């Protein structure tokens, strides 16, 4: 196909400068003013899944599909839902997929993304980062793939160059308990790199003896810390040591994903007993014991945060790997983690009773069940000094849901007890588009308060600045 | 009372051409353009409760109240809530009610319907179908009743004439397991009738041994199929045969209403055991056994759909007959079926693990609990190829709720994995008004995406076409 | 600091006449028209926590902090969430706090209230009632405190003068089972006072044998009634007598707050057995027995309402005193009562089966879990003549949530089956500002229906009148 034919058939790709702003002209003008005040502010990304080694090593990205499609479960799941099997999307390591084929699938299903927030921010990304001017289509798929592949071989598209282009000031990664954080150390020691890339300590695997990798992670955590984890006291000591190691490498926060937010502590004798029994093998503990152990660990985790000052992020309520055949064949993170019913007020009561007013303790609560914002997270953040209402995340980090979140949480807790935007992404090149989306959605929300005279325009501009800068800095102790 | 006095006191009935469109002039213009593109498209009604015999026999409707009030639980429940006892609304067969009296109740309570979606679409229906130009009132009740009664005796108001007037292309009915589908057969064989009236196989009664009519329906299903249902294998064979019979009569779908969406299969031995025990009488099985049997049946139902291709509709979560005294006196479907807490992700896991990616399997999920759209139905439809997000239904088939549904579901699943509008109605004459409402509400939603530059106007018009035509055709295999 | 410096640094306090109205000019004009029709209507406050003695005795308020900050848990909790310990907010009676210090905390944290509904109505209150023209700030705190303190010593700021200034027509208080209602009697007998101040019978403490004060309240209720409450029949007789006493003092309603809405009745023998066992001491009954007793009491409470005509208000679903250390140190009502998951349809079934269609029975359902409006409260109010959908309350009595409530409940139940606004406040001076907020929010909602042609402007104005006058009068039998 020739470029001419593509040019004539494909729709233009032209994100509008006023996108996401309210329709009413007066409100739109205010939203534009509020947005413009923060449009170019540096990006603070306190929660994400980019690999630090990617930036430390600064190697070129392999190909457009491996960069833009295969690692992004937002895009992958919509393609799968619309009939593209995962084995045609590069998710089987044993049968390498042609990136060009993957891109053709995306391009020919572009219409299925109509109206979704994924298409919204992917358009911005393709336009702003990669200079595309036509929407993907079956006709232009090969042409656009070649264009992208050429770009990715140029110096301006290496990870560090993009870090600067994107205007990232702080980027937090997510790291395992036994991580050596060597890439973080290299970046910190590198005089040619001025950004902050911070590790985040994520130790879920250690919390849950029912997980198949629990014994392995308990052992490797101990090895990393040089502390014997055969006892529960040993494990706690090893975790404390590892947290200290993370702090020395710049970490300001931990992250924890659990099925539920239960936080009832156990006696020392009881947690030692379950710990030892679990070490003897998967059949060593009952499901109830494993759950009790996990709930106790969440409590200990908060206790450690009170001691060492690491911000505690908590995102319970995700059912992992809903579709067993897909897990068996393609592994985890393949689009079938699904939201569970959210619950915080009851399960967090033991933890909050003991630490909810502890000086300096910050607990950021995330959910994928929107009903919890108005009923639980807002009211908790509106009383407990320690609690912060985390931004909407994953299934609900969308323009519409961000508006619903603001309306629900601001009512109970204002702006100061929120987290600022969280991109939570593996898709490096989507970071600026997604922060831009959040800034626009917040500008739209603030404009709605101004135009109904609940806020002055000056207050709205000031609040927008706080949301992209002061609030994440304060909440995450950056 | 004289006609003159009525004319002066009654409010005009004049549905506005721009109703339901956004207030902002730019957005309203877009909504109008989008709506006009589909306003006159044929009606596809893939889920409803009109009796096929009504159309096959084409007998005149008896009287205005029996047509417009008594069978419509939307209207009946609001009258009851505002103080009109059901025995004055024609719901007791032993004491025949004067239709004129029923209409007077409606007219004198017209004000209690202010602001409700029921009043909204009933106004359109009275205006467009019956030519009323004044709102119902105590003063004009008799006059309007006479006008309606006269119309119903005219040839243009016979069911088949209205079928054409309404522009219905496909109308699906809901039919019992032992239905002979004679009316459907007559319509299909009738060269003078060009519409499609399709049966839908609804076999809930067979699923639940705790129901008082279970043994009766199991037997009648067997008789209809000519297969002995004394064993569970026999029942499954009879159901398969009946499904085939429905397919031969044009069915493309089944429909199932259950209290919860549990779908855990049983072993063959266990389901046979419960089946036989249940056949011995109501006391033969425990509540837990009846529930286990019902969950297994839901699993088998999906299995059969994978085999024979019938689309599986599922609408769990309705507590039937909440008010026992009303049930005892007036029977079921008298306005006190109420929404339960929705749940899909957990209970459907067994079914989806085995059939969620089966080629050609379509599972349309409906709910009356809105919280489920963003948390469960959208995310499920956004991963599983088999799952479609059913339109808001019953308590939430309203302009406001349709907007909330679109915002919640489009975020996770776009438009292609939705069902299109479902009128689910017994009230034949409300069909065009209610599809019109849905087209307007969707136009308003699409306009909101256009005016915030998330969609182009061309894409919005194209999407509106898909919603009223391509999407229901594809989802329901029409 | 001089007044000049304050004038230059503080932001102006100038509530806009169009606040809360929609941005679109056409919709705003309609909202303004609707609002102006009811802006000056008398205030009917059928549910609140002002002390009748305050008005009967008409003593001056002590100081600005004790009047405006310390008793208002809306304000207190946001200050606490943003780092001000409760002991600096006047909540420890043993260490009297300087009101001026409390006010300084509020003023210097004014920015943390940005965008919250609390700031919204507090601004109106400070402006309209107290004539402030600058927003509170650290700089003007002492000046404003002095201004307020001076005002509070003037005759126009005594409780009775404010009652007239506020335009209150009816004010319902909340009173204990053993209340002598002397202040109510004095007010009723006072020819110089023309307002209605009505008691409301709140007997939660009697319902729950698990409460530490249960035995005490059972005894005091008996003493107040002159009936021995050693038996459950005795307690029921005493409660009936007390209800009659309340009726004689003008009460038209009871109020009940319980953890859940369970309403299953017990046999006479069983409730007598639990009653006697509970009287023997806290260890006399199990948690399950206490719950069963409480559920039975809710059922009896409805039965009594059917008999004596008192409107039954029910607001379940609040977890009281979530943070034990705060309860221990500062007592109840200190900002950490939190919303629980709402549930009505299932738990109220026994009560509604027996009384849901009883003539004259009014049951007003309140929730702090918004998800219940569309799923449960709206549908219940849309069938049962007895059920009324209570206005959003406590955590959700905000402009945004009122809009969501109207959209959810009007769909199922229209306007006639709702309660009208409930201020539920201890903060006497916030009453006019909060009713004004509700009138504006309802005007905005009604305008949204008019501008989308679901309602005429005449109907909207008429409905606004009904909402502030006819509807609360009818619902609460005023």
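Residue numbering begins at 1 within each chain, and the chains themselves are lettered A, B and C in the order written.
By our rule, a contact is a pair of C-beta atoms (placed from the backbone, for glycine too) under 8 Å apart; a residue touches a chain by one contact, two chains touch by 3 or more.
Computed from a predicted structure; not experimentally measured.
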(request) Examine where the copies subunit A and subunit B touch and state whether the two sides share over half of their residue numbers (same) or under half (different). (result) different
(request) Could you work out how far subunit B has to rotate to sit on subunit C, using CA atoms and steps of 5 degrees? (result) 120
(message) Centroid from C-alpha atoms only, then distance subunit A to subunit B, rounded to Å. What do you get?
(response) 40
(request) Could you tell me which residues belong to subunit C and also touch two or more other chains? (result) 22, 24, 371
(message) Quick check on the complex: what are the subunit A residues that touch subunit B?
(response) 11, 15-16, 18-24, 77-78, 80-83, 111-117, 120, 319, 322-326, 335-336, 338-341, 368-371, 395-396, 398-401
(message) Quick check: in the complex, which residue numbers of subunit C touch subunit B?
(response) 22, 24, 26-27, 343, 345-346, 349, 352-353, 356-357, 371, 374-376, 378-385, 387, 407-408, 410-417, 446, 448-449, 451-456, 458-459, 463
